[in-house]
Amino acid sequence: MKAYPLEVLSNVQVSERYWHMKVDSTIIDESITAGQFFNIKCGEGELPFLRRPFSIYRINREEKTIEFLYLVKGSGTVQMTKFVPGENIDVFGPLGVGFSLKEEWDSILLLARGVGIATLAALAQEAAEKNVKCVAILSARSNNDLLAAETLQGFGATVVKVTEEDGTSNVENVQRLVNQLFEEHDIKAAFTCGSMRLSRLMQRSAEKRGIPGQIALEEHMGCAVGVCYACVCDVRGPHGINSVRVCKEGPVFDLEKVVLT
Amino acid sequence: MTKNLKLDVKIGSLHMKNPVMPASGAFGFEMASLFDFNELGALVPKSITKYPRGGNDTPRVCEVTGGMINSIGIQSKGLPYYMEHIIPEYAKYDVPLIASISADSIEEFAEMSEIIGKDPAVSAIELNISCPNLEGDGKAFGMDGDLSFELIQKVKGVTDQPLIAKLTPNVTSIQEIAIACEEAGADGLNVANTILAMAIDIHTRKPKIGNVMGGISGPAIKPIIVRMIHQVRNVSTLPIIGCGGIMNSDDAIEMILAGASAVQVGTANFINPLSMIEVLEGIKEYMVEYNISDINNLVGKVNIPSSTTTLY
Amino acid sequence: MTKNLKLDVKIGSLHMKNPVMPASGAFGFEMASLFDFNELGALVPKSITKYPRGGNDTPRVCEVTGGMINSIGIQSKGLPYYMEHIIPEYAKYDVPLIASISADSIEEFAEMSEIIGKDPAVSAIELNISCPNLEGDGKAFGMDGDLSFELIQKVKGVTDQPLIAKLTPNVTSIQEIAIACEEAGADGLNVANTILAMAIDIHTRKPKIGNVMGGISGPAIKPIIVRMIHQVRNVSTLPIIGCGGIMNSDDAIEMILAGASAVQVGTANFINPLSMIEVLEGIKEYMVEYNISDINNLVGKVNIPSSTTTLY
Amino acid sequence: MKAYPLEVLSNVQVSERYWHMKVDSTIIDESITAGQFFNIKCGEGELPFLRRPFSIYRINREEKTIEFLYLVKGSGTVQMTKFVPGENIDVFGPLGVGFSLKEEWDSILLLARGVGIATLAALAQEAAEKNVKCVAILSARSNNDLLAAETLQGFGATVVKVTEEDGTSNVENVQRLVNQLFEEHDIKAAFTCGSMRLSRLMQRSAEKRGIPGQIALEEHMGCAVGVCYACVCDVRGPHGINSVRVCKEGPVFDLEKVVLT
């Protein structure tokens, strides 16, 4: 990890609330894995004060670029929309521990909500590269927010969309879909990101079937490198519950071990 | 040219090759890959408590104008783990280690200092007297001159290590506390810890920090800290470590001019991981520009007009 | 819809049609052409002193991260001029006038309050107890609970006007001072004045303020003030006026949720002359959005999780 | 006075340290006079925190534009260089009391230093409009900083330049020039801005000859409208020395009355 000056190649609005940014990652000579994140300085001056953490949405190893998909939320992400191609931005990372696809997982289910889709997209990409069959349930407020579905489909993933707009995103329906897809596709591992409610659902469902899985968590951060203990969450360990750092031991954790509140 | 600059500073018997070090809680060996720790004046790990502690509810940090509020709650693995695993990790570097201690009672401060003080890898102890006195009224030790005196004196009796009292800025008169610490035998004063603050999300109507209140750090508090350094400098001869809101070398020099012999950089590390190195480089450049050969000649050299009233 | 909103608040017998007013020293009739003063909840002119005063050396203001430092020194034309020329100027408006008083001694506070209190154009008195006690040790009255008590009690004895004590945030325990003022008979508390600060130009090595130190105002101090409002609210039943760093209606609502019944806007007026009007509009919009019919139902309505430790 | 949203028409660097900005002033329906100033919000967000005061450099009444000439000094003026044509900026004013040219002053001498030239340029323009003969001594570090000389010459002013670069800007030489120009042009009134040293010189020289004059002062400001008393200076009044506000009673004062320190 390092604070890299990366050149913005493109930064465009892709839907009402989402933006997509591609940066040149040639100078990063460390390995980057799906599920890791970068802490981005969103403005040149003092505003916003802290960096903002973003997962990697796509890693293009040949063309040496990485991509981010971000939701415009507050001051930091509003500033980010002002990045222009050609500009060098200050991107700190790669940070944390990403997903790990075990050899035996030949068929995986992803359950993502909202901007959690950005995080799981990189995993779908990796699955495609490793010829792992990938099925994804993507949940969002509206179809407009589900633009990343095509990216996942591009990677060969089977995508099921649920939204408030269509009245399909309620817990019951998602539970039904999860059960159905677990069966239909002989799922070996489950992954989730973006919603506490859906994560609990996935945790229970996977546990019932004895299926392993991983979850990517979000927490407000200070240092993003593990020194300040701002970003903790609880995980079950051999000796009881441990408080661990999302930025350092995570953001990806074993689904079965995380204490979801 | 920068070769001939004298940058070394002393706090009691603690000798540092330069005045730049991290602030406790905003530094750790997870940063070792980012720059060479051997470049620093000293290393200051996160405050340690006697027993393991879980820390506070999340969110533990939030952003405010010109800074952040934190309420970590001193998450700690306890003293034995610290002695066995953390100190040795820092002992690898050729830089003095300042151990920061938080405790719930004066006895605990003394007990911990005695143990830590015996470790040859430790070069000084920073007493985080900004933490609450659980046996008293829950106010920080450093909010009360008598308690601060008693605390430092007790610790002084059990260890020969140089003692740095880390003051809390949440007081009516930082001078009074500084004097109490000096009289009790402190070797240096850290001015200061964070300022107690609170932020509310007006939409959820919940505090933005899980623990409701926390300490504000960052440039927003710098002018308050600079004022306190200047005030302490006027009443005490102890070396001062300036801490609070340093983002760059200009800020560090401002604190040195106000009266600080050394500086600690905290929150800035989160924004620019090379902050400390850049602060040090900037200090050197300033010294060259203004032909200052010894950093100690800058300490407290703010030019106060003689006509100034002493009442503010 | 905004027609049915109840925005009026009371501080003792002072009745204001809405909770938004200017902070003393950052408002004056020179602003009358910028917006209609009749829109405000109250008018608060600059603090007046008994005798004319020249004020401090320039520069009297400087910019810092998220705010500014000022040390004006309460330049004033003295009480007779105030009674004759300034009060009548504000009396033209159909809005209560809160006269702010600064004095060097308790006797002077009482003497001035008695005179000002008799003017029918005045609806309340704000006692700026953040100013230094020249007969004592030079510290502000508001830094000492006993002095604050004595001051308020003395003034209470000479006038029937509602009394607002404007507290200084430069204290260890704002709660202690708040309680003293309440016990002495204050009708309301202003939380708070500016925080003592200092900035140094590292190139000239001179303080950036002619008077060396001054008070910091603006958004940088807001989280500290919000914390103090919340603390005071927990120990006092008096209505609180929140003041310090309000730039927009979100900031004002944050202070109301923390426990303020009304708010004062100071520095923001310098940046956006329509700040106060926009704060008021924004409060109304928030009330409509969240279906709050009476502003008083928002006061102190921050949601504190029950598990919270009370120690910070 | 009011906070007007004014459209930037141009904003260009004109020399190493100076920038020139023209804004559309159509919506300002108040009168604007030379010597008055505007308090400009230099950035959209919270940085810089305070507005920055700038004199009017040129008033183009027909085309309804005003111009500023500014020295890039610190955070505020650095931000101002980022204003782009088409952008609306927040300009508060017009503020303060400007210069007043009396009928009988048919020949005036201006003495300006550095960015003080910007302030006196508007006066030279007014002089030209009123057919008043205008002579100016412009002092600066380098010839590069004396770009406004041409503007003044454009108004028909006789311009004498002195610089550190040429070794001509020392007090003795300026004193000599002032004396000489006073005589040569039968000067009726003297104006100065931009340097304490030169202002004292002008004050003494004018006083000796019994010539009236005006001076434009600068002081750090809070409100810029007269309520905060941040910007005071001392002037001699009938009852002794008074502390007055640069933003309200000034920034232009009678030269003979100002107490220069």
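Think of it as A, B, C and D in the order they're written, each chain with its own count starting at 1.
The rule we apply is simple: a contact is a pair of C-beta atoms (placed from the backbone, for glycine too) under 8 Å apart; a residue touches a chain by one contact, two chains touch by 3 or more.
By chain, UniProt protein names: A, D = Dihydroorotate dehydrogenase electron transfer subunit; B, C = Dihydroorotate dehydrogenase.
Owing to the predicted nature of the structure, the values given are computational and were not obtained by experimental measurement.
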Neighbouring chains common to chain B (Dihydroorotate dehydrogenase) and chain D, by label: A, C
Looking at chain pairs C-D and A-D, which one is connected by more C-beta pairs in contact? C-D
Quick one: chain B (Dihydroorotate dehydrogenase) and chain C (Dihydroorotate dehydrogenase), Cα centre-to-centre, how many Å? 33
For the pair chain C (Dihydroorotate dehydrogenase) and chain D, the C-alpha centroid-to-centroid distance in angstrom is 37
Chain A and chain D: spacing of chain centres that average the CA atoms, whole Å: 57
Using mean C-alpha positions as chain centres, tell me how far chain A is from chain C (Dihydroorotate dehydrogenase) in Å, no decimals. 47
Could you pull out the residues of chain B (Dihydroorotate dehydrogenase) that touch at least 2 other chains? 64-67, 219
Touching two or more other chains in chain D are residues 46
Which word fits how the chains touch one another: line, ring, star, complete or other? ring
Using the touch rule from the top of the page, what pairs of chains touch, sorted by label? A-B, A-D, B-C, C-D
The residues of chain D that touch chain C (Dihydroorotate dehydrogenase) in their complex are 1-3, 41, 46, 48-51, 92, 219-233, 243, 248
List the residues on chain C (Dihydroorotate dehydrogenase) that touch chain B (Dihydroorotate dehydrogenase) in their complex, please. 56-57, 64-67, 69, 71, 132, 134, 138-139, 143, 170-173, 195-200, 202, 204-207, 210-214, 216, 219-224, 226-227, 230, 245, 250, 253-254, 257-258, 286, 301-305, 307-312
How about chain D: which of its residues touch chain A in the complex? 45-47
Hey, which residues of chain C (Dihydroorotate dehydrogenase) end up touching chain D in the complex? 25-28, 30-31, 33-34, 46, 54-55, 58-68, 70, 72, 75, 218-219, 247, 267, 269-274
